[in-house]
Amino acid sequence: MTCFSRPRYLLLASVIGMGVSVGDMAKAIPPVLQPEQSDVASLPPMGDHSVLVATGEQSFTLYDGDKGRILGTLPAEMVDNIAIAPDRKDIYVAVTMWSRGDHGTREDFLRDYDAHTLDLTHEIELPPRGLAVFKQQNLELSQDGHWAFVFDMSPATGVTVVDLHEHKAARTVDIPGCALIFPWAHDGFSTICGDGSLTNVALAGNNVNVTHSKPFFDANRDPVFEQSQVDRKTGKALFISYTGQVYPVTLGATPVMGKTWSLQAAAGQSAAGTGQQEQAWRPGGDQPFAWHEVDNRLYVLMHVGGYWTHKQEGTEVWVYDVTTQHLLQRIDLPSPAKGITVSPDTANPQIYAMLASKKMAILSATTGQVEKTVEAKASGISIVPQP
Amino acid sequence: MKPSFLEQIGEQLTRKLASSSSRRGVLGRVGTAMVAGGVFPLLPVQRARAAAGSAAPRLADVTTLSDFERRAQSSDPTKCNYWRHCAIDGVLCGCCGGGIHTCPPGTQPSPVSWIGTCRNPDDGRSYVIAYRDCCGRTTCTTSSDCECNTADREMPIYRPQTSNDIIWCFGTTSAAYHCSTAAIVGQAE
Amino acid sequence: MTCFSRPRYLLLASVIGMGVSVGDMAKAIPPVLQPEQSDVASLPPMGDHSVLVATGEQSFTLYDGDKGRILGTLPAEMVDNIAIAPDRKDIYVAVTMWSRGDHGTREDFLRDYDAHTLDLTHEIELPPRGLAVFKQQNLELSQDGHWAFVFDMSPATGVTVVDLHEHKAARTVDIPGCALIFPWAHDGFSTICGDGSLTNVALAGNNVNVTHSKPFFDANRDPVFEQSQVDRKTGKALFISYTGQVYPVTLGATPVMGKTWSLQAAAGQSAAGTGQQEQAWRPGGDQPFAWHEVDNRLYVLMHVGGYWTHKQEGTEVWVYDVTTQHLLQRIDLPSPAKGITVSPDTANPQIYAMLASKKMAILSATTGQVEKTVEAKASGISIVPQP
Amino acid sequence: MKPSFLEQIGEQLTRKLASSSSRRGVLGRVGTAMVAGGVFPLLPVQRARAAAGSAAPRLADVTTLSDFERRAQSSDPTKCNYWRHCAIDGVLCGCCGGGIHTCPPGTQPSPVSWIGTCRNPDDGRSYVIAYRDCCGRTTCTTSSDCECNTADREMPIYRPQTSNDIIWCFGTTSAAYHCSTAAIVGQAE
């Protein structure tokens, strides 16, 4: 009910600032500051020194690596995944929610954000995604920008192929016993299976052709990291095991295996084994690897420990020349880091290190010096655009 | 003749809130409230206009300034002690991809806001500041140094126009709070 | 597609633990630990030393004040409100959400949780609530457990009356120019208005009768705190101003004003004024007051500062005898606190202090000693059951 | 004769997942998977049964224990170094109103989980531990001391049964993660 028996207050301020007319004043008096209109920022084309950081378990925050400053925010929780389009014009986020917060109807979407405005342009319905702590390889894109690949687990595993031109899920491919998505250079992807093999999915018009490769690593004794790297432009992968063995594979319907090498041997040390008390430099963390494809350098977050320390924070970043399989550089981190990414440029590449302290350290990949330290409330995860 | 301030507000609200999805019928109720405009007390913005002629700066009087005013700076708008932030409660948009009167990409400024009256140390004048929230996106996660809570002349929620605990997101696509700006409306009396 | 060309793995563990048959063993050998079934905890009747704490901007966490341990969790964000039923059998949470997280269709609910199981029993649709940083007085209950009162702001203000027996919103009462809800002992509530008056709403069957009182405080010069206290059993309120003036009011259709007193004068000091540089002990914080109705004691979070420091953390808790209007005790806090509550019992009352460090300190209200310190990730807000 | 372990799993899954609201048809797919039971490798739980006769504790061998095992304690199940927590990733339910095999009020145990194999310092035996998540409610907010991430014998997501980064909430009202328990399934080989 409304009552008019007494004065009431208008409880609103206008969006329009008033014009304030300033009278003639003596020159010595500074002018009165003028009213300001509210506006909304937009972003320039995404530069090489851009990094999307998982922050506060509620968002990915886009940072300018040169200034160490925030450019914008995309909502995403711990189990959601994010990917930057190869042409950097879109950012995709795969999300899962329930209609009433922690209960109600489950809904899964692939959200398409315009990288210029950060506006949500499409929200594509998905079948139930696999829910795990963020893994880059649970959401991948084809290089031609036509397809997104979303990992499902119900707990049976599959991959949903999303048509990004039509903005809809096209099909789901079962990948029993396998997980993670490593895209080929063209029209397909491979997944890692529990027996140490690959299952390879070729997209062929409205069909898919599935092939299975022989096991190439011992999944019981020394599994390869979920965060193994793939050069999306060439479809070449570097699968890296808990102990530090590197398995180069050119992905395709018939994957081609390269020569295995050891992160430790490439550094002039003994290859590490699987002893729980065998102290050695080992890769580890939430996101231990970053492959700079243009320079063909592999950056690895390393720590000293025994076997089963594959999730331990790294104290150094080791930089390898993948062509010659030699260690080029060891970079000391200011404090232990959970994950790293490296910017794609060759002129002045930056390392983005997500520290256990939740700060982000931005280092020169060339000199190893810390350029910025940002109070980012960061978890271990970040992604950068492709070259 | 320029429309009066209340007419301006009315026009803005009508235009801005017509697209509101509120179930409560904001527009109808605000319309009802508007007709009684004549009995409303003067708003600070009107007092600002009334005082616009007297533009000479006041001398700083350290005996009467608030602690915030004594310490306020005018060089870095991404800090809580920037002069316009005398009564702000929230995350500074300037730390989130926006600016002092600019919303970060992907967010929307609320057409209504709370206001503060803050003293500019450069000219000694007081200005009415509109703390317009940027809305429609998950809260910005940034350094704790950008999370401010100041209260010079800040009033309880029953005086909403100068109350900073309210989520001032009306007429935006959603009232999800992202960050807060501090735009100049005009000189205060 | 499913493929049977190679062994696959069953990727599941059973909910049922296996029975493990243990053979005859020598006495010296400890028995093999037996399989365990999973179960779900439930809670005893809510005790006097229970406190619900706003935690991590995503929940209210129920603590046992004696043990300093968590009993359970209810989801709630910064703008949501919580209330415990007078009989302690239900906990109500007023929430606002959008169907797609930060966008989509807005939905407002009053959730009813069973205090024994913490199961959600009803989710009652509401018109759009007023959204503000948590204020206890934005959600109140009638003492007979029949009605909930929810504050609305669109930005016009109103109160939605919810029938808790029928589990539905019954009506919305406009309260133009007013806000906050202070329930009467029976069948009504009062709200504070911008001119320093009260608007009083009497529930009468299917109708409401609204009355307006004269201003009793100067809202321009020295407004009363939003967190002013009400004894819900008697409908007596203590409205407390920024400077520390206490206005006792017996609420009703015609409120009865008592004699104003000063927090500082009751402590043998000069009453505080409105000077920005007038240093004095003043009330302040997110939740500066707790009224122990049975003992008729008022606990106030106090700090030294000038006027407009009404949100500053408190360094001490001052305990007043409301009957005699004298200070009884000053309790030093281990570090500054944003808010306090006090348990309703007379035997061994506890003070729950939400520290700026996000810890919760549990103190004896009798001795002032810290009994527990909990890493609660607490914001300033907490609530306790009624006596 | 008792049903075999795989039959038990099958029965449990059928019963537990029949009410699942998954759009992907969990039941049909799991049913398909079950028929091939004979070709599955032995699961740790089966190996546990096979080894149940050999109940004599092994002597602690400090040269082969993991760092976690060397430091593990058996007195306080609300700490990350409690012996059963050798491969847990999440918030301990014992810190949230639940217990070592008990979900807090208002949550539901997931009928499926990942497993670890942990050594009990009291008897020197290794046990298979089911890290059953409690689901259907906003994540528990508690002391950081209760947030654990250990990885003895923890495998990648392509070996999901021993992978602890997965949200193991299948067949619950929602897969919202609240906390994790560590229940004994049986003695390991």
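For reference, chains read A, B, C and D in written order, and residue numbers begin at 1 within each chain.
Convention: a residue touches a chain if its C-beta (ideal position, glycine included) is under 8 Å from a C-beta of that chain, and two chains touch if they have at least 3 such contacts.
This is a predicted model, so every value here is computed, not measured.
Work out the mean CA point of chain C and of chain D, and you get 37 Å between them.
Per-chain CA centroids place chain A at a distance of 40 Å from chain C. Computed centre separation for the pair chain A/chain D is 28 angstrom, with centres defined by C-alpha atoms. Residue numbers of chain D whose C-beta contacts span two or more other chains: 30, 33, 112, 137-138, 159-160. Chain contacts: chain A has residues 2, 7-9, 11-12, 75, 101-103, 120, 155-157, 174, 176-177, 194 touching two or more partner chains. Taken as a graph of touching chains, this assembly has some other topology, since it is neither a line, a ring, a star nor fully connected.
Annotation, chain-chain contacts: A-B, A-C, A-D, B-C, C-D (touch as defined at the top).
Put simply, chain C touches chain A in their complex at residues 1-3, 5-9, 11-12, 75, 95, 97, 99-103, 107, 109, 120, 123, 155-157, 173-174, 176-177, 194-195, 197, 208, 210, 212. Of all residues in chain C, only 79, 96, 98, 101-106, 127-128, 130-133, 135, 152-158, 172, 174, 176-180, 191-194, 219, 223-226, 275-277, 305-306, 308-311 touch chain B in the complex they form. Put simply, chain D touches chain C in their complex at residues 2, 5-6, 8-9, 12-13, 16, 30, 32-34, 36-37, 39-41, 43, 45, 48-49, 52-53, 55-57, 95-115, 120, 122-123, 125, 127, 130, 132, 134, 137-145, 159-161, 178, 181, 183-187. Chain B makes touch with chain C in their complex at residues 21-24, 26, 29-30, 33, 63-67, 69, 89, 112, 136-138, 149, 151-160, 163, 165-167, 169-170, 173-177. Chain A meets chain B in the complex at residues 2, 4, 7-23, 25, 29-30, 32-43, 55-56, 58-59, 61-62, 69-75, 113, 116-120, 374-377.
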